[in-house]
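In order of appearance the chains are A, B and C, and numbering begins at 1 in each one.
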Amino acid sequence: MSRRIHLMLVLIGLVVAWEGLFLYAGEEALRGPLETLQDTAKLLTTTLFWMHFGETARAFALALALAVCGGISLGTWLGFHRLSSELFVPMLIGFASVPKVVLYPLVLLAFGLGFPAKVAFGAMFGIPPIALSTIGAVANIRPVLIKLGRVLGLNAISMARVVLIPAVLPEIMTGLRLGFSVTLIGTILGEMFAARRGLGYLLMTAIGLHDVTLIMSLAFVLTSLAVSASAVLLSVDRRLRQKF
Amino acid sequence: MLADAATPLVTLRGITRVFPPIAGGGQPIHALGPLDLDLRTGEFFAVVGPSGCGKSTLFELIAGLQQANDGTIAFEGKPITGKVPDGIGVVFQEDSCLPWRTVRGNIALGLRKSGLSRAEQETRIEHVLVLMNLVEFASHYPAQLSGGMRQRVCIARTLVMEPRLILLDEPFAALDQQTRLLMGEEVLRVWRSTSATVFLITHALDEAAMLSDRIAVMSARPGRILDIVETAWPRERDSRILEDERFGAISARLWRLLRDETIKAADAH
Amino acid sequence: MHTRWRLTLARVLILLAFTGILEILCAAGTIDPLTMQPPHRILLDLVHLLGSGSFNRAIARTLSNAMIATSMAIIVGVVAGSLIHRIRGLRDALDLLFSTWYAVPVLAFYPLLIVIFGLTNLPSIMIGFMQGVVAVIVTTLDGLDRVPRVLRKLARTQHMTTLETAWLITLPAAAPWLLGGAKLAVVFSIIGVVASEFLMAREGMGFEISYAYNNFDNARMYPLIVLVIVFSVTVNSLLLRWEARLARRRGLKP
């Protein structure tokens, strides 16, 4: 109940800050909240937008699938295999700290301009946080639970189903939430540099043309999408944590 | 200095503590009292009681960390009001060593405002290091010490302030039984050599029976004092009094007083 | 200690083997020299470029911008975190904002910052700051939450003033988390600054890479990419090591 009030207050605060920035920076640089809303509504009626949106959605879905599968498998392997984890986890952490945009020429050279490149870009962003959270989750399984499974004589499959998966789920969920967000950012960045279609590309052309209206509407759409998806995942995350 | 029954060191009169209800409704919690108690100067006094009976609340009231809703507490005749009085040293149940300071640094913490010269401070610190057998660990960090050693550091940090009343809140609860007995001996030794008054909260009946001159037994919540058991041990004593037949009798008496209250407390949960 | 060195050695060998494979692939012509130059060539180019000093301006600009962004993020983050920690309601309200902050594609706002502030250092610094500050706030809150209650009580039994409590108890107790937040601020600020330079700037390492790429100047691009990677990994691992040492001394999980 009070959560909703807090949310409202934050939203009002943001809108006020936005309006204030608009008054300071002026028509040249920004659009006000109300105008942006109208512009966005208009944008949403164009087929052009939906064409690019569909393209981004497709690339993102694939990138996310890759990031989730890749991240969880990598994390499970490193989480259970001690030597590999000691060898490779520092490398993974190192990779996570690299500004990945500078790698985009490499991705482009490997995949060429277009769909595969932005998928690769998205997945590249998403894999490290998912893998790292999976490693953490596996490392945090209480040893007594595994002993319990062995005492109960569970085979590998039941062990995974009854003990391991429920034990790691909440923590992996946190990684998935983060992974979801950064995969989306990665995909859009990939489109900005390495594609001829998609919302990222549209944003890049708008930047090139100094089309403030389009920039604002796109930034608004992308932010609302990303934030609401993240908020939904956050509530799932919290529910899981309460349950276990 | 021997016990002076005429002027108590601490007096509690009609002490009551009620906690406001937890946010989101519910009843206020009547934790303690009304309760009267006198601590005699120089005695070793213990409080036992079922869990949740308000022992720690009583402790924090005397330490000046909480304020009573009703009643008065006085230390050396002066009322305690929401501030830890000078002359009271406090040792907590949880490890309260500052992990970023060495043993010496932790002990020195107590002397920041003592007004003593550097040399005097050093002398005092050396003295408690010797007293608590910590000399060779003076430059260790707490993480390098066992739980028992860390609790010794906390006691040393209190002693360096030369308190007239030492409050101990289940200081050995996290230690194993053997270490506890030996730590108990140490506290007895310190008590004898400093002539301070000791007020100990514990849930271990044997610990209370072995260490104390007097033991207050508290009821289930709201905590009241059911009875005060006098042990009549000599001032020179150590854990070997566990063999004494009176020790068994005292422990048994404590348990007889506590058994019903413990059941009551367990049912209330 | 011994095993740690062996592990480091093994990691170096793995990287060398990987580089070796690239070298062979390049030599065999499997990788077109127009696509990528052989690793030894990249290394030579890097040495040459660093020696010639032609990157010094770019490096200096990126470093100074990242440093300004980091310091701003740390100072603002710690102060804001400490204030928010005191006001329960504010914290609940901002919680959602903080937990969804990193979902926002901040770079999408970079062009707007350029329009507002011009093509100066400021938009880059702002992006780096925005990337870093929330991580610092969140870790500060976390650190302050974890100051054991018994230490706050200890402060009262030791008659400490508010300032003394902060200086002697709260800040040191929260230090491992504050350091963790500072580490994130450094990493995120570097990422934000380089990425924004890459997108649009007049100078900086990110700009140089994108410029070299657009001009098919492999002799400049690859050494620069290697430089950025080596730099960020080095900074990150140094900070991690410091963090681990602090945690060990505190008896926290390494």
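Heads up, the rule we're going with is that contacts are C-beta pairs under 8 Å (C-beta built on N, C-alpha and C of every residue); 3 or more make two chains touch, one makes a residue touch a chain.
Given the structure is predicted, the values throughout are model-derived calculations rather than measurements.
Least step count on the touch graph, chain A to chain B: 2.
The innermost chain, defined by the distance from its C-alpha mean to the mean of all protein C-alpha atoms, is C. Averaging C-alpha coordinates per chain places the centre of chain A 53 Å away from that of chain B. The centroid of the Cα atoms in chain A and the matching centroid in chain C are 19 Å apart.
A separation of 48 Å divides the Cα centre of chain B from that of chain C. By the touch criterion given at the top, residues 60, 63-65, 83-84, 86, 88-90, 92-96, 98-100, 109-110, 112-113, 141-143 of chain B touch chain C in their complex. Put simply, chain A touches chain C in their complex at residues 2-3, 6-7, 9-10, 21, 25, 28-30, 86-87, 90-91, 93-95, 97-106, 109, 178, 180-182, 184-185, 188-189, 192, 203, 206-207, 210, 212, 215-216, 218-219, 222-223, 226-227, 229-231, 234.
If you check the complex, the residues on chain C that touch chain B are 148, 150-151, 153-154, 156-159, 168-169, 172-173, 175, 248-251. Chain contact summary for the complex, chain C toward chain A: residues 7, 10-11, 14, 35-36, 89, 92-97, 99-100, 102-105, 107-109, 111-112, 115-116, 187, 190-191, 194-195, 198-200, 205-206, 209, 213, 221, 224-225, 228-229, 232-233, 235-237, 240.
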